[in-house]
Structure formats: C-alpha cells, structure tokens
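Naming follows writing order (A, B, C, D and E), and every chain is counted from residue 1.
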C-alpha cells in the first residue's frame, strides 16, 4: 500500500515537475535524455511537487539540525501549533457541549439559536481571523489566545451538531424511566443523555480535533511570520520554498492524525460497554 | 409541558433607566423627561410589562411584550437619529438591556408554535441580533473599517448586487456544489470500501486520515498550483475538506446497527450488500446526515478560503480578500452575508431532508 | 361491558383512600395514516394498599393506561389524579416505581449500577446504594452477576434486573408491566411469592399487568379485565382470598372460581376478534 | 522610556531591516523609547490595527493609507522611508512580450488588496480594458508567490525588485529570459513603505516629540542597515520567529531595499511633496473605480520630520 | 441427568432423518470478570419434522443453544450439524426462520415492510411479498396495522409482527424463542392452534423455547428439559399425543401426566438454586 503511494508520488512529481525540468535542461544547452530529465525533475530546488525523499531529508534536517527549542526546529513549531490547537479544542469542547446541552434542554434556545450557530459557520474564518486577531490584540490578548479562539470557532460546531443529535438519541423508553424517577434535567443529562450521546460525541470530537489544528494554523497566518506551522507554511509559500511547505504540511498532518488517534483511544476507554442489545 | 411558567423579573432592570442619563449633548447629560421620543419608547416598554397580566393566551402575551421590545430597541435608534452621543449614557443601555431580557421571554412564548410559526423564533432572534449590532456600532461609534453597521452592509449589498451575484455563481454554483458532491461521495465510498475490505482499510485509512488532516490553508495553494486558478482547484479543496467528516460519520453509522438486527440478517443468510442496503445504511442515516450537514458549511468555507489563494477576478473569496485590503468592510460583510445565507439554506434543506428520511429516529419521535 | 361497571369496583368492602382516580379517560394516538383509539372512557379508582391486576388482550391499552397514570402520556380527555394530585405532581414527588414491559436497561452500566440508578437519583449514600442493589439482586436470583453488562444476560435475567431496579427504591406506587412474562414457571412462582410477601409487609399500592390469569388471581386484591382496542373496562373482580397467600391456594376451588370468572371476562371481550 | 508600537505591513524580512536594526543596536533605547515591533502578514491590515488602537505607528503603502483616510480613519504620513517604488511587472520573453504594447491578449498576474490601482491606472493609460466579456488583458488575482509565471499560467506577474523577482531567478530562470517593467519607469509609481500615524496623535505636541525621536532613530537604523548589510541580514534573521527565512534571499533583498532608500533630498524619511502629488494623480486617474475620489488634504505632515531634524 | 440421556430421544418410534445434530456442545462466554458457562456437554438429535420444545429455568442457555444452531454463536467445543452441513452452510442456504426473544423490528420500516423483509431478501416478486405479508399479519391479528411503525405498537403486537415475519418465508427450520411470551391467554391459544395446524400441514422442523409447560406439551413431539446454568439436558420427554390436536386435549389425563413429568424435571433442576 505504502509502496503504491510512493510510486504514485514519484510519478506525480515527474509529471508535474517535468515541464520545468525540461526547460531547465534545455536552458543549460546540450542535449539531454530521459534519465537526465528524471534526475532533474526529482532534484529541483523549487519543485511543483517535491519528491518524498526531498521532503524526508528536509524534515530530518529541520527536526534534528537544531536544538528542539530553536526556532529553526520544526518540532518547536509543531509544539506551538499543538498548544494553541489543544487550547482551542478544549474551549471548543466546552462551548460545543454547552451549546448542545442548551439547545436540547431549553426549547427557546433550540428554535432561535441553532439557525444562527449554523450561519456563524458559513462565515469564512480566513476573513474574520484577522479581525479576531486585531480585536483581541487590542484587548491585550496576543500570542496563544487569538489562535485558540479561532480553533475554538472551527471546532465547536461539529461538536454541537453531533451532540444535539446524540443527546436526542437516547432511547425513548430509557427517557421515560428517568421521568418516572422524576430525575432532574441535570440527572437525566448526566446519567442518560450523555452516555447515549457518546458515540456521536466521539465521531464529532475526531472531526473537531482535526479542525482545531486547521484553526490554529489559520490563526497563525494573519499573524504572519511568527512561530508555528502556519507561519512555516506562510513563509514557505512566500518564498517559494515548496519543500518547506510540504514538511510543514506533513508535520501538521502527523499532528492531526496523532490527535485523532488520541481521541480514538479515549473513545475506546470510555465506550467500553459496546453495543450488544437484545438477543 | 406547562404553559404558564412564571416570567423572570429580570426585564425590570429597565426601571433604573429614568435615574440615569440617556444621552449626552454638547457635554451635558440628557435625562429621560427631556426627550419626548425616548420617553414615549420607555412608556411603551413599561406599559407592555405592566399590562402583561391582563392578556390571555401566550400568543397575545408575546405580541404585547414584543411591542415593549421594539420600543426598547427604537429608543437608541431615535436618539442617534437626533445626533446625540450615547456612548457614556447608561440610561438608554439599561432600557435596551431590559428589552433584550424581555425578548427572551417572547422567544420562550413563541418556541412551541408549529407550522410557519416555527420560523418566528429564529427570525426574531436574528432581527434582534442585527438591531443590536446596528445600535451598538453606531452608539459606540465603532470605526467602519473595523465593523460597519448592518445598515451600511445592506446598502453595500444593494449597490454591489451584480458583483455579488457573479461571485455567487462562481463560488457556489461552480465550485461548492461540485466539490461537495464529489467529496461526500468519495468519503462515503471509501467508508464502504474500508468496511468491506478491512485489509485495504488498514492501509488506506491512515493515509486518508493523513491526507485529510492537512489544513485547508496548506492545501489551497497546492491545489491552485495543480488545478489552475478557476473553479477546479476550489472544488478539489472542497473534496479534500469534506472527505474526512463524511468518512468518519459513515464509519460510525455503519457500526450503529444493533446486534440483534444484524443477527436477523445473518439468520436469513443475507450477504454483505443486502445487509448493507437493508439494515446498516438505514440505521446509519442519522450519522450520514450529520456528516452531510457539517460538510455543507465546510464546503462553503473551503471554497472561499481557496479563493484567497488565487482566482480569476470573481468569487466570494476574491471579493472578501480584496475588499478587506481596500477597507471596504461593508462590501466584505455583504459578501459574508451572502455566504451565510447560502450556507444556512443548504443546511436547512439538508435538515429538512433528514427529517423526512429519518422520521423514525428517536430524536424526531419524542422530545 | 358498560363503562360504569367500575362503580362496582369502588364499593369494595375496604373503603380505602383513593390513591389513583381515573375518570372518563380517553386516549387517541395520532399517527400518520389514521388515529389509533387506545383507551375509551375508562374510569377506575384504586385505593391505598390495593393490588390491582390489569388483564386484557394484546394491544388493548394496558400499557397506555399505566403510562397515563405515570404521567408519561397525556390523556385526550378525562381526568386522572394520583394521591389527589395531578400525575405530574406525583411524578415530581417520585411516587412511582415503574417496571416497563421491556427491560430498558442502560447498556453502558453494569447490572449493579443499573439497579443503583434510581438510588443515585434519589441521592442515597454510596454504601446504602450498594447494599440495596446487592439485596435486590439476590432476591431475583442474580447474585454473582453484579459486574456483568445487560447484554451479557439472558432475556429473563434482564427482566429480573429491571424488577430489582424498581423494587430497590421502595416507591409509593408500583407499576409493573408484565414483569414476569419472560420467566420460567419456577422462577415466576418464587417471585410471585416474594412479591405478595413484600406487598403484605409494606402495603404499597401496586398496578400490575399480566397475561397469566393464575398470577392475577394469586396476587391481586382486584382484577380489572379490559376489552380489546379501544380499551374499556369489562369487569372489575374482587379477589377476596385471604391476604396471607401461599402457592397452595391455587389448588382451592375459590381460586378456580375466580380464575374462571376472569377467563370468561376475557373471552367475552375477545369475541370481537375471532 | 516612552512606549511606541510599530505595526509592519508584512512578515519579518529585510524590507523592514531598519527598524529591527534600530531596535537591536539600541538606537531606540538611546532615544528614550521602548519600541514593540509587530510583524504583519497578508491578512494583517495595518490601518485596521491602528484604527482599533493596536499600534502607534504603522508601515504602509500610500494607496492603502489614502483609501483608508477616505474611509474615515485620519492617517497621516510622518515619514517616507522608501523614496522610489520597487513594484514591477515581470514577463517571460518567450510569451513574446517586449514592450507594454505586447500585453494585449495576455494574462497578467496582479496583487489585489490595493496594489492593483497603479496597475489599472497604467492599463487605462495604455488604453487596455481589463474587465468585461472580452478584455484586452486577462487579469489574474495573483497569490503570494511566483508560481503562475514559472508554470506559464500568466505571461507577466507582479514582483517587487527586492523579493519576488529574485525568487524567479532562484528558481533557475535566467535574467535574460525575462523582461521587467518598473512602475517607476512607466510613470505610474506610487509611494510605498512609509510611516503613518493618526491625526489625533499629532494633535498632542508631546506625542509629536516622541514620534520625532522614533523617526530619527528609525532613520539611523536604516542608514546603518544600508551600510552594514551583512549584519542587518543577521539581525533580521534572528528576529524572524518562523525560522524559515534563508540568508541567501534576505541578503539579496537587503541589497535591493537599500537602493529604494536613495534619492532623498533631505535625508532618510523625507517625503517629497512632488512624489506625493504624483501618487495622488495616479490614484485619481484609475479607470472606472479610482482609489480615492478627491485630492486628500493633510494626508502628510512634515512636523515630525522637521522636529526630528532639530533633535 | 447423564449426558447420554438424549440417546433415549433418538429411539423415537419414527426414525426421522436427523436435521439437527448436536454433539457434546459446550459454550463458555468470556467476560471481563469471570467466564460464564452457558452450555455444558449438550447432545441432542432432532429429526426432520420434529417439533422440539426447550424448557428450562431463566438463564440456562436455551437462547444460546438456538443461536449456536443458527450459526450466530460459535461453540467452545463440540459439534453441530444441520442437515448434514455446518450451521454456517445451512444459514447461507437460508434454512432458518428465527423468532428472537425480543422483536428486533427495524424502526425505519412499517409493520408491513418489516414482514416483507425476508421475502425481499429471498427475491420474491413484489405482489407475492405483499400478499404473503397481508396473510401473515391477518393470521396474527394485525390486519389494519400494515402502515404503522414498530414503535407505534404494543409489546405483544410487536412480538406478533416478528412471528409473522418468520412464518412469511416458510423456512426449513423454524427457531422460535418464546414467541408467545408477551401475549394474553386467548391470543396465545389462538396462535398455538394455528402453529400446530401449520406444522401438521407442512411438517417443518421446529425448535421452540417456552416457559409454559402446557404450551410445550400441546405443541411438541418432544420436550427437552434443561438444567440451570451451565445448561445441560435433564430429560427428553416424548409427547405421544395424537398429531391432530385441539385445545380440548389439554383436559385429558395423558396431557396432565406429561405436564407433570415436565414440571418434575424442571423442579429437579431448580433444586440447585433455592
């Protein structure tokens, strides 16, 4: 599988870099053959699509070439991004669950709030991210918080949508049982709705934690050349350092996947009693 | 359940209003009795509160209180209209706060309505939000380059209607719809594939996750590089963005069938596909809709964000990014409004379809 | 068959204070195609300490009636009071213990924690919860299964967990919807005995749905026979067997006579169908 | 020390070397200032930041500053650092472009975000339509890099003398394969990096005095940077929090930026009113939608520069 | 109590070709705390056309045994053949009709479409499906409820839908797990009669779980009495009542004798517990 991907990748690199490589060869005069072309396409300084080995070498250099605390170490930037992503994720979980709880429990909220939460998500963050950064910056919040807020903005929504569905998915008979106990709204929530919503919640959390990384990176874009994977992407993009972009992309993907896997592990921990049901 | 829950006394905060200045004129405070317009508004709000006990039925009460709310919102508008400064005038803000709290009660009263009345809640809430925005930006004189008032946005919407329509065609009709369909379709198909061929899933899923975990802002420039400046690159971004949520939700949905239901299919000797079509997909529908709904908003964001990274000179993202730099925030917000409206309609349509297709699900059956 | 037949029921020797008073209750379910008339003009008075069995054909509205009493369903017309209050008020006072027709266990809780659920809600201390759960599980023959999850139990065992759960918190009014339906005769007899002993000791008011005529006669102070849909009350039969009952009582002619009367009532109703 | 917050227009790079040098070499401190330099980015609009009160002084381009001024944020130029424009249109020779009259029928990449006005003004001067169903030149909203040219998606793209042009060269394209059109040479140049503040700040003589010290120290920084380019590049690289900048590229940038400082009549930071007038004229002559609708009044002030000169 | 007791069963007058052959079947469920021994060395041979009732205390392994036969559970040790094939092969040949202990209806399908589900899988034409569903629903007394959804039915009605669904496609081997548990006596008698008539007509092989001794005696050719957990076979009782049975048969002394023997068997097993 991985092999197939590698082959595809190299093929793609040849396909995309080919024209420019050919041009470069022609420019240098003298005749050239297919082997030269391939060599050239796989070793370009500014490839359209860098080859896996170029990315791997760059990754290796930027991970090991400097101490971990150095701004030239990619791990440092990954940690910066992870920090704001996780902060935003935590805030998003709180906000998302709170909104979902409100919507499920308070009828007034359901009918009036939900459509506007949805509308809020159709606002492109890239457009308002700078405003958030500027406004929070004036209120004295710089650094982590604005980025975390943008992360939160992106990740609370899947949680709210999933949780609303999940909280409503409790078996009607089980809800009736709670009614006969005259359980308080809170008790019903904690003892029934919440556990019943867990499968939905975790599906949403996985999406949300991936979104939180995107949010953190988006938050790093307007703040420009500062620390974080977003800043690396940005400057790589400005200065045409394609390999550096890909390294940052790979790191962000690895970060997301790691976070999603962590949520998956939490899921296995919390939702141990699987589905069995009647026989 | 019980219709006659008592009203919270919170809206009574507005009684403080007469004690505080309601505006400033040339360095001197203006009090309530000095402004007939504000006085009239206050009287209406107060009257609505006091007469509440005399009307019967929740709808009548809602209408009466709504009059009070409208008056509370009207007061600052009138005062601004007279050219008064409100920023340091607590009186009018207290009155407004009372109005907002009163609105909460109105929303609670209209919440149980059915049919067309279902729209009353969100509509009132939205109107109030917009009105508050207008009043606060103008009352506190927020610079238009930071946040323009809705009236300016509306004007920009009208003035730029032709451009905005072109943007809509480019972004929504060309990029979003295609990208959304392909992305959701691919996520769904791969989920099925992963479910059917676990070996393939073990190889493919981590890669799929990895690919989908790349942030939009990283993907967009690459897609522009690969697929050119036109809608194709935007659709590609959307495909990548919507793939993962659909995949995750489909997988969760496919595992949501109950054991005994699966056993039944087994006892019929039903094969994989039959079980899929007759049991696992229907029971996955709530999850599928969950994914579709989340994706509907993601697709729109994806297209707009991708347009930040290079487009022909049309598209919502193009409009927003260029107008931000030109400080035409009113046009920016007009574009955002179009995007929000589109997204909400898309979402609403999906929610309606969901209600139709999964009316059996407990979440629709019972509250 | 006359709907005012329950008047007879009200003139029971023991003039108990009415705990449940149902008057002219009608309930129609609105469905997509056509409405279902579940209950039609049902009137019934249940005194404190009564043990009432509801018996009637499948789908006649027994569950619906219990659900109305428990404030889980709103009547279309008619009135219901529980302890002089509305069902809602009674529910808020936690007057009900309800054993549903299906076990309704929470799959993410172990057997023990399912039984402790109401106790948790009522706010009992931890040790007490554990002790009570253990006791009730022992009573229904499930000691040793505390740590299992519901889906690891057989159908009858799940049913018994649900009974244990309802008994654990000693409610004022016990509503039991075919609690012993999925149990073998021996286990059932055993639980029948336990239930009458419990009832004799505590004199809780019980409303009990069963399809077993013998069980109804053995347990009840009064048996309410219902007609097929739309459910009406056909007959209210006083069970004047001695309060102190052992299983042997089922061999007596009085028992047989009562059982016969119930069966006749049921048959009468069924003549509609086949 | 007096606090001053400076908002840059772009990410940390040699384009802003003077400020970083002034900070690093202690010029600001000597002037009794405590200066915070906020890096910018593509989506940080310095005018928005100053309108919201997040900065005392911003580095901005004049078209953007004048447009904002019309929107009600009274920005004033207090010093003009870059004397000449670094913007140009870079074309591929193999697209058969030798002079502006060859643009017709080609695709041109342009930065939007306010930078398109000089371009549009130029095109209208050349008599080319840029919009409609069949425009004479097809305009592309160019992203942040030079890929459209390398991949032949556009015949020409916008570049800065100190940045993008060299990226094309670094990508392996030979200078002789390119044709460049400097806005400066085409007579459509507008003023670029300058220092701006608000009218409100200038109303207070104390603030004027503080800003004077700031402008003087900044100018000193720039002069130092122009003379000691290698050192300046190291300072910039150290200030870059992303750790992604390359020494090679920044060195070239420093060289080119230094050229833009030259030509001032009264020393670094002086705004020549003639340049201002030319900028305004270009902006007003924009084809259908000019950036500004009327000649701005009070959009620049020599008060700070003069005060600085007296220090 | 000796595990080879079933041998007696095999020597039934009618030397039927074995349809189900269970040999030394043991099944242990592995759970988080300690294993549950559900079945222990069960051997049983069921001939073609047999009607076997399984009877035993709650939790003794009846459902587990049926599930093994239906290839829904894998034995820990021992062998099972169905029609000479493995249970899996038999399942893939669609030999089974299984009425689960719980109704297992699909909530997104109407009653009618639930009954048509297996017919759809077997590939019957539309008209035929509709006709069969209508017929089966009429048989279980649910005509008029075709368009309702499962959650709009009473417990007993759901159970009847599930019976209709299993009967609709006329499987080779009918496995029924307490199908009539939630029904009133009259409905139950009615369905009992229908079932024996069906069985007499088609001579399908049936394995039937019930807690009602009378029902077991009335329906079966053989009754298998099981011990409490771990389930073993205590007794296999031949029911040599005439094949043509009406409800009156329950009043005969032969019937009473058989019922007595079953009850004794059950009691014997239970003595372990209480």
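What to note about this one:
The rule is short, and it goes like this: contacts are C-beta pairs under 8 Å (C-beta built on N, C-alpha and C of every residue); 3 or more make two chains touch, one makes a residue touch a chain.
As the structure is a prediction and not an experimental result, all values here were calculated from the model.
Chain centres here are C-alpha means, and the one lying farthest from chain C is D.
Top contact pair of chains, counted by C-beta pairs, is A-B. Averaging C-alpha coordinates per chain places the centre of chain A 53 Å away from that of chain E.
Between the Cα centres of chain A and chain D there is a gap of 34 Å. Chain geometry summary: the mean Cα position of chain B and that of chain E are 55 Å apart.
Centre-to-centre spacing of chain B and chain C amounts to 48 Å, using the average Cα coordinate of each chain. Under the contact definition stated at the top, the residues of chain A that touch 2 or more other chains are 48, 126, 130-131, 134-135, 171-172, 221, 237, 275-279.
Multi-chain contact residues of chain C, defined as those touching 2 or more other chains: 102, 151-152, 154-155.
Looking at chain B, residues 146, 221, 225, 258-260, 263, 321, 324, 361, 365 sit in touch with two or more other chains.
Of all residues in chain A, those touching chain D in their complex are 19-20, 24, 27, 44-46, 48, 70-73, 76-77, 126, 129-131, 133-135, 137-138, 221-228, 231-232, 234-241, 244. Against chain B, the residues of chain E that register as touching in their complex are 67, 70-72, 91-98, 100, 102, 104, 106-109, 117-118, 120-122, 149, 151, 175.
Per the touch definition, chain D reaches chain B in the complex via residues 43, 45, 47-48, 51-52, 64, 67-68, 71-73, 112-114, 116, 131, 138-145, 147-148, 151, 153, 291.
Only residues 104, 107-108, 110-112, 118, 121-122, 124-126, 129, 146-147, 200, 203-204, 206-207, 209-219, 221-222, 225-226, 244-245, 248-249, 252, 255-256, 258-260, 263, 286-287, 290, 293-294, 297, 300-301, 304-305, 308, 316-317, 320-321, 324, 332, 336, 339-344, 347-348, 361-363, 365-366 of chain B touch chain A when the two sit together in their complex.
The touching residues of chain D, counted against chain A in their complex, run 10-13, 39-45, 48-49, 52-54, 143-147, 150-151, 167, 170-172, 174, 177, 240-246, 249.
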